[in-house]
Each structure stands twice: as structure tokens, then as C-alpha cells.
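Common to both upcoming complexes is chain A, partnered first by chain B, then by chain C.
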Partner chain A sequence: MIALGCIALGAVLLMLLSAMPKVRMEHCSLFAFVTLLIGLILTLTSFGELFTFFPLPKFFHKMLIVDSYSVYFDAIILSGALVTSLIGTHYFQTKRHFKKEFFSLFLFSVFGMMLLVHASELLSAFIALEIASLSLYVMIGFQKVHDKRVEASFQYLVLGSLAGIFFLLGSAFVYAGLGTTILGEMGNRLDTLMGKDVSLVIIGATLILVTFLFKISAFPFQNWTIDVYDGSSLPVSAFMAATFKVAIFGFILRLMLVDFDPIRDTWDTLFIVVIIATLLYGSFLAIIQKSLKRMLAASSIVHTGYLLIAFVSIGYAGESAASSIIYYLVAYFLSAMGAFGLISYIAADEHVRVTYEDFRGFAHVHPYMAAMLSVFMLSLAGIPSTIGFVGKFYIFTGAIEAGYTFLAVCGVVATFVSVYYYFKLIALMYFYPACDSDWKDVPSLKGITPLTIGLIALAIIWGGIGNTFIAYFPGVDFLIDTARLSYMSLFIK
Partner chain B sequence: MIGLTHYLVLTGILFSIGLVGVMRRTNLLMLFFSTEILLNAVNIGFVAVSKFYGDLSGQMFAFFIIAVAASEVAVGLGLLILWYKRNGSVDLNSLQMMKG
Partner chain C sequence: MTHMDFAHPYFGAFFLFVFGAVVFYGITVLARRVSRNMARLDTEKLKLTIYECGPEVTKQPNKISAHFYLFAVLFILFDVEIIFMFPWAVDFKVLGMFGFIEMILFVVILTIGFVYAWKKGALEWHSIK
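Coming up: the complex of A and B.
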């Protein structure tokens, strides 16, 4: 909770500071970094403990909640934002179109995401969602010299606000059906109504799910993803891919597990169709892309599919499925952040293009970058000894445990297909002679950005191998245990 | 006697009008108008339900929706001006450079 206040305060202060002519962009970047670091440290102090309470009940009534669950998500979101700001350092310095206010918006968006996982009312969830989205709309369109940026921003704004309206209509229905919008109480009312007609609540909850499916770019609502990710600048797309999805999942899991538990079976069939379509269509989109950035965007749709497999198995294997979602979110966040970050570093110069063909023979010129990129691709594909494998392993075992063997098979097949588009890059980098691309413009490995990316690559491998090498060091088991703990904290009365 | 049902039907009608507007209109300004209609439809629903239950949280919801709608349009109109300066058009069809 203090972390939340710290980020909000930092955002407001930074907004005021950026109006001063003396303050330069480097200062703003540093300020944002320090604020995020303080927030993360404050969050980590209560990480791994089991607790739940309503902060300042006199002011907020029951609109916000602080528990182990939200702290876990806070930690993911804050470390995502921290890594973004580190990775972006180089990018923001080379591209002069960014202004000081950008970092203030960045902090506001982080604040919105954190508020979303703390939300204990549909109203506060909506406000949090809008804070996060509105800042993101502006962040995407910030480099207004490019038509592409403005267009991506427009597309996201129009579709995103429409999705927000569906959330509101859904809340109106739920409110009409239950007479309250406080999480927890909604569940209690629903329990007393069981056996009677709850169709109004079901319609409302379905509309809320529509917003959720839109924001995580699941099947019928996936078209915006590639355009928006492609249109926004690389650090921003990394930030969106890695953290926004985490925050949305954080809220919707709470809603589904705590409140709509009695009526969750209603959507089982719907979800199965959505999952299969998402996996199929996402894989198809990823295969046909030529640009690396668009491929990563398309593959994020496939990863949404995997996450939804765990989401649907919650009904039958609650604890392991919920903690596998949380764990997979960490795994995906690390791999996607690394991949996007490294590409943003490579493509910091306008001339460098990042299609598959441009990476022909890349390993012979820049062996270390190629090695790091390979690690990220291996992890995204879910090859053993990377964190991506462990994440997928938990999801598929959870699905089988819950009796959805068919879905697990679908997921495995999608993984096989994904090997094609991830390994194509590795093969091009290593098994072809170097082409005469403009590799001169690729910056050498210097400064904080490559160091961060290297650390992410190490973290991915360490997360996959586990703590067999380094004794007494928190490893995969620690993360998954904490995920279980945070799941438990949802049900403390 | 006008009851809750009537208000909810009004909500439904307004929402459909807004939804058709969002889907059919190509003028971006009209698109934002349609979004406003959608939001206000939801507002009516919230306030009606709030009155029905005698519970104030629905009206609070409506106030916040008005505030959020205003900020959303502020961002939208800013982008619209940016786009108009560049392309001299506020038509949705001028936006289709990127192909999904």
C-alpha cells in the first residue's frame, strides 16, 4: 500500500518537475527509476507473508484490498516497469522525440496497474483500468513524428474505450442482479441466490469477461494486438506485453476465484472454444509475419492461449492452476521483456530494420547478442532448462489434473508449431554467412541496457535449472510456493 | 407508472444506438459521440438500479464514469487534432496504413 502511494507521489512530482526548464530528460529517467526501485523494495518487505486487510477503511471503505496476492502481482508489475526503464535508457537517449512528461505517464500507468490488482470494487477496478490505459494511449502516440504511432494510439484508444464500456455495462448488470459491486460481498450474495434465476449476473459477468478477453488479446478480439504493438515504440510494447497482461490477470483471477465461483462452470465451453481458436489463429499469425516485432506481438496471442488453459482448469484444480498462471506470467514477462528489450537495443538506430532476413548471419558479427536472443527464443518456445519450460510444464500438468487432457494436447501442439517461428530466427542467425546489412549501426555492448538484458537472460536460465547449483538461494520452488501462498490469501475471511 | 424495467429498456436502446454508431460511423468525431452515448446509456442504468435498491454506490459509479469519459475524450481529441494537422482528414478510412 505504501508502495502504491510512493508511485503515485512520484508520478505527480515528476509531472511538476518536468515543467521546469532546468530538469533534463536524464534526470526524469533517473527519478522514475528511483521511484520504482523504492516501490519495489517496499513491496518486497512484505513479500512471501500470508495476510489480508483493507487499508484505511474510513477513507476507502472496502474499495481497496492489500493481501499477499496483490503484493505478489505488485512485485511482478514493479520489476517489469523497473526493467523497462533500464532497458529503455539507451532507446530514450538515442531517440530525441521523447519528452520529459513521458516518464510521468509511465509512472501513472504503473500506478494504474498496481491499483488494478488492489481493487476490491468494480468501480475502483474500472478507474484503475482507465488510468493504466489512458497513460498507455498517450505513451504509444508519444513520438508524433511517425504516423504509425498516432495511428496505433488511435486504434487502441477507440477499441480500448469500447472494451471499457463493455466492462461498465457488465458491472451495471451485476449491480442490478446483486445490489452490490464490492468484491467478496458479491460472492456472498451470489451464494444466497443460488437455485434462483441469476441470468442477469451471468450476462453481466460475461460482458466483464469480454473486456478481459479484449485486454489480454484472446481470440475474437486479437486484431488490434499486432498493429498496436508494431506501431508503438519498442520499450512501450515491451512494457505493454509484459506488465499490462499481468495486471489484468491479477484482477480477473480475483474476480473469478472469489466472486463468480458459483457460476464459473457456465463459461467452460466458451473458454474451450476461445482457447483453441486463440492458439490456432495466434500461431497462424505468428507464422506469416516477416518482422520480428510483429512476430513477437502475434506470439503474445499464443501465450494468452496457454494462460487461458490454466484459467479454465481453475474450476477443478484451483490451487495448482492459479499458481501456475501466476508463475507463467513471471516466465513470460522475463522472456518477452528480454526479447523486446534486446531488439529495441539493436534497432535504436532508425536505419536498422528487424525482419527475419536482416538477422541472417547475425551471430558471426555480434555473438553475444545472438546468444542472448537465442536464450529468449528458447524460453518463449518452452525448451527445457529455461524458465519458459517450467511455466508451460505447470500449466499443462494443471490442465491434465483438471481433466482437460485435450486442451493440454492442443497447447503442446501449439508449442511445437511455435518452435518453427522462434527457431527460424536462431537458425538464420547461426547457420548462414553474414549478410551485408547495416550492422555498423548496431550499438556495441556498453552501458546499463545490455547489462540488464544479460541479467534477464541469466535469470531465465537460472529459473529453468532451478536451485540445484546454488544452495540456499531462492529458486523456482520459492516462486511457486509464494504463488500458492498468495492464492491462499484470497480466501482468508 | 415508470419502473426500473423502463429505465433498463432505455439503457438498452441507447446502448444499441451507440454501438451501431461506433460500428458504422467513419468520422472519428462521430465515433467519439457514439462512445459518449454508450457511456451515458450505462449511466442511466446505474442510476436507475441505484434508485431501485436505495443504495448510493451506483450513483457514485455514474459520477466517476462521467469523469473518466471526459478524460478519455480529452486524449482522443488531442490525437484527433494531431491527425488532422498531418492528414487534413478526420475520416477513419485515412487511418488504414497498417494491415493486421
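Coming up: the complex of A and C.
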């Protein structure tokens, strides 16, 4: 909670600072970084404890909640933002079109995401969602001279607002059916209505689910994803892919686990169709892409499909499914952040080194960068000894435990297909002679950005094989245990 | 509860889901089609001007500057503030200390925005930084 206030204060201060002519962009970047670091340290002080309470109940009227669950998600979001700002350092310095206000918007967006996982009421959740999204729309279209940016920003704005309408309409239906919009109380009212007609609540919850599926880009609502990710600058797409998805899942898991628990199996069939379609269509989109950035955007749709598999199996194996979602979010966040970050470091311009072909023989010129890029691709594909494998392992075993063997098989098949588009890059980098491209503008491995990316690559391998080497150092088990703990904190009365 | 008389109670949920999907598809497809077909791809300057038999159009004498929107936005800022303050002032005694603090917070948030706009030079004509 203090971390939340810290980020909000930092964002406002940064906004005022950016109006001063003397302050330079580097100062703003540093200020945002320090704010995020303080926020992360404040969050980590209560990380791994089991607790739940309503902060200032007289003031907020149970609209916000602080528990181990939200603290866990806070930690993921804050470290995601921190990594984005570290990785982006090089990008922001070389591309001069990022003005000072960009970092203020960045902090506001982080604030909105944190507020979303703390939200304990539908309307405050909506406001948090809009704070996060509105800042993102502006961040995407920040480079006004570039047509692609403006188009992406506008498309996301229009469709995102449409999704917002669905959320509001859904909240209205839920309020009509239950007479409250406070999470927790909604679940209690729903329990008393058992056996009666609850179609209003089901309709409302379906509309809220539409917003949710839109924001995580699941099948019928996925057609904005590639254009928007491709149109936005690389650090922003990394931030969107990794961090925003975490926040959305944070809220919707709370809603589904605590409140709509009695009616959740209504959507089972719907979800199975959505998952299979998401995996199929996402894989298809990823295969046909020629540009790396578009491929990563399309593969984020496939990863949404994997996450949704765990989301359906919650009904039958609640704890393990929920913690596997949380774990997979961490795994995906690390891999995607690394991949997007490294590509943003390598690609000097929008027109240089964007397609697969441009990376032909890259390993012979820059072996370390190629090795790191391979680690990220391996982790995204879910090859053993990376964190991505452990994440997929938990999701598929959870699905089999819950009785969704068919979905698990679909997931595994999609993983096999994904090997094609991830390994294409590795094969091109290693097994072909270097193309006659000019590699001079690729920066050397110096400074904070490559260091961060290297650390992420190490963390990915650590998450896959670590744990047994050094005792008492946090690894996979620690993350899974804390995820279980945060799941338990949802049900403390 | 008296509402829908569907044969299956969950038909409504399914229908709304499909409806949402159709709306999304419709809007993306429509937006793409409209922007492809109706956007002015020819950006030559003379072709975009008003038809004046060749010569370029002269400046209009009573043109309103585009910067005027900043004043309009700032006006709305204070307008909304007053709209919220009226009911608060009427119920001041009922709301008490809680309402007072809430209103202070509200005004502070607005002031921050105003200070930002001021520092950016939004109040000076032709000097947006």
C-alpha cells in the first residue's frame, strides 16, 4: 500500500518536474527508476507473508484490499517496470523522440496496474484499468511523426474504449443481479442465491470476461494485437506484453476465484473453444510472420492460450492451477522482456534488422548476443533447463489433473509448432554464413542495458535448473511456494 | 427476478459473447477498410487546398488559433471543479471533516494539473514548449 502511494507520488512529482526547462530526459529516466526501486523494496518487505486487510476502511470503504496475493503481483509488476526502464535506457538515449513526460506516463501506468490488483470493487477496478490503459495509449503514440505509432495508438484507443464499455455494462448487470459491486460480498450474495435464477449475474460476468479476453488478446478479440505491438516502440511493447497482462490476470483471477466461484463452470465449454481457437490461430499467425517483432506479438497470443488452459482447470484443481498461472506469468514476463529488450538493443532503426533474414549468421559476428537471444527463444518455446519449461510443465500437469487431457494435448501440440518459429531464428543465426549486412551499427556489449539482459538470461536458466546447486537461494520452489501462499490469502475471512 | 425467457438460461451469456466478438471484428474491419479507401494518400499541397483556380488560398482574416483548445480545456477543468463544489457546499455540515478532506484532495489534484499546464506555457499565447 505504501508502495502504491510511493509510485503515485513519484508520478505526480515527475509530471511537475518535466515541466521545468532545466530538467533533462536522463534525469527523468533516473527519477522513474529510483521511484520504482523504492516501490519494489517497500513491496518486498511484506513479500512471502500471509495476511489480508482493508487499508483505511473508513476512507476507502473496502474499495481497496492489501493481501499476500496483491503484494505478489505488485512485486511482479514493479520488477517488470524496473526491468523495462533498465532495458530501455539505451533505447531512450539513442532515439531522441522520447520526451520527459514519457516517464511520468510510465509511472502512472504502473500505478494503474498496481491499483488494479489491489482493487476490491468493480468500479475502482475499472478506474485502475483506465488509468493503466490511457497512459499506455499515449505511450504507444508518443512518437507523433511516425505514422505507424499513431495508427497503433488510435486503434488501441478505440478498441480499448469499446472493451471498457463492456466492462461497465457488465458491472451494471452484476449490480442489478446482486445489489453490490464489492468483491467478497458479491460471492456471499451469490451463495445465498443458489438454486435461483442468476442469469443477470451470468450475463454481467460474461461481459466482464469479454473485456478480460480482449485485454489479454484471446481468440475472438485478438486482431488488434499484432498491429498494436508492431506499431509501438520496442520497450513499450515489452512493457505491454509482459506487465499489463500480469495485472489483468491479477484482477480477473481474484474475481473468478473469490466471487464468481459458484457460477464459474458456466463458461467451461466456451473457454475450451476459445483456448483451442487461440492456440490454433495464434500459432498460424506466428508461423506466417516475417518480422521478428510481429512474430513475438503473435506468439504472445499463443502464450495467452497456455495461460487460459490453467485458467479453466482452476475449477477442479484450484490451488495448483492458480499458482501455475502466477508462475507462468513470471516465466513469460522474463522471457518476453529479454527477447524484446535484446531486439530493441540490436535493431538500431525501425527498418534495420527486423526480419528473420536480417539475423542470418548473427552468431558469427556477435556470439554473446546470439547466445542470449537463443536462451530467450528456448525459454519461450519451453525447452527443458529454462524457466519456460517449468512454467509449461506446471500448466499441463495441472490441466491433466483437472481432467482436461485434451486441452493439455492441444497445448503440447501448439508447443511443438512453436518450436518451428522460435528455432528458425536460432538456426538462421548459427547455421548460416553471415549475410553481407553491415553490422557496424550494432552497439557493443557495454552499459546497463546488456547487463540487465544478461542477468535476465541467467535468471531464466536459474529458474530452469537452479535450486539444487545453491541451497537457501530463491529459485523455482520459492516462487511456487509464495504463489501458493498468495492464493491462500484470497480465502482468509 | 423477471427478465429474459430464454429456453436455456445461459443462452444470453453465449449470445452476448458472440455479440461482443462480432462488434470487435466489425470495428476492426471497418476501420481498416475506411482508412484504406478514404484516407487522402495524395499529400501534395496544392491538391488539398480549396479550389481557387490555381493560386494558393489566402489567409482568412478571422481565423481562430488552434491553441484556443488549451484555454477551453483549462476552462472545463475549473468548470467541473465548481460543479462538484456546489453540492459539497450545500451538504457541508452533513459531510463534515471527511468531505472537507476529500474536497481538499480533489482540489490538490486539479491544482497539480493546472500547475503543469501553467509551467508548460499553456496560458501564454503561441509559446507552447
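Everything that follows uses one rule, which is that the second predicted complex is superposed on the first by the 489 of 493 C-alpha atoms of A that agree within 3 Å, B and C clash if a C-alpha of one lies under 4 Å from a C-alpha of the other, contacts with A are read in each partner's own complex, and residues count from 1 in each chain.
What we mean here is this: contacts are C-beta pairs under 8 Å (C-beta built on N, C-alpha and C of every residue); 3 or more make two chains touch, one makes a residue touch a chain.
Just so you know, these numbers come straight off a predicted model, no measurement behind them.
**Q** A:E130 in the overlay: touching chain B, chain C, both, or neither? Say first, second, both or neither.
**A** Touch status of A:E130: first partner only.
**Q** Applying the touch criterion given at the start, work out whether A:N223 contacts chain B, chain C, both or neither, answering first, second, both or neither.
**A** It touches chain B and chain C both.
**Q** Give one of first, second, both or neither to describe whether A:A414 is in contact with chain B, with chain C, with both, or with none.
**A** neither
**Q** Using the touch definition from the top, say if A:I301 reaches chain B (first), chain C (second), both or neither.
**A** A:I301 sits against neither chain B nor chain C.
**Q** A:A399 contacts which: chain B (first), chain C (second), both, neither?
**A** A:A399: touches no partner chain.
**Q** Is A:S171 touching the first partner chain B, the second partner chain C, both, or neither of them?
**A** In the superposed model, A:S171 contacts chain B only, not chain C.
**Q** Quick one: classify A:M369 as touching chain B (first), chain C (second), both or neither.
**A** A:M369 sits against neither chain B nor chain C.
**Q** Check the residue A:V158 against both partner chains and state whether it touches chain B (first), chain C (second), both, or neither.
**A** So A:V158 meets both chain B and chain C here.
**Q** Report, in rising order, the residues of chain A that make contact with chain B in one complex and with chain C in the other.
**A** Of chain A, residues 151, 155, 158, 162, 223 contact chain B in one complex and chain C in the other.
**Q** Which chain A residues qualify as touching chain C in the complex?
**A** Residue list for chain A touching chain C: 12, 15-16, 19-21, 58-59, 151, 155, 158-159, 162, 166, 177, 196-197, 199-200, 202-203, 205-207, 209-210, 214, 220-221, 223-224, 266-267, 270.
**Q** Could you pull out which chain C residues touch chain A in their complex?
**A** Residues of chain C touching chain A: 1, 3-4, 6, 9-10, 12-14, 16-17, 20-21, 23-25, 27-28, 31, 35, 98, 112, 115-116, 119-120, 129.
**Q** Of all residues in chain B, which touch chain A in the complex?
**A** Per the touch definition, chain B meets chain A at residues 8, 11, 15, 22, 28, 31, 35, 38-39, 41-42, 45-46, 49-50, 52-53, 55, 57-58, 60-61, 64-65, 68, 71-72, 75-76, 79, 82-83, 86-87, 95, 97-98, 100.
**Q** Can you list the residues on chain A that touch chain B in the complex?
**A** Chain A reaches chain B through residues 122-123, 126-127, 130, 134, 137-138, 141, 144, 147-148, 150-155, 157-158, 161-162, 164-165, 168-169, 171-172, 175-176, 179-181, 223, 226-227, 230-231.
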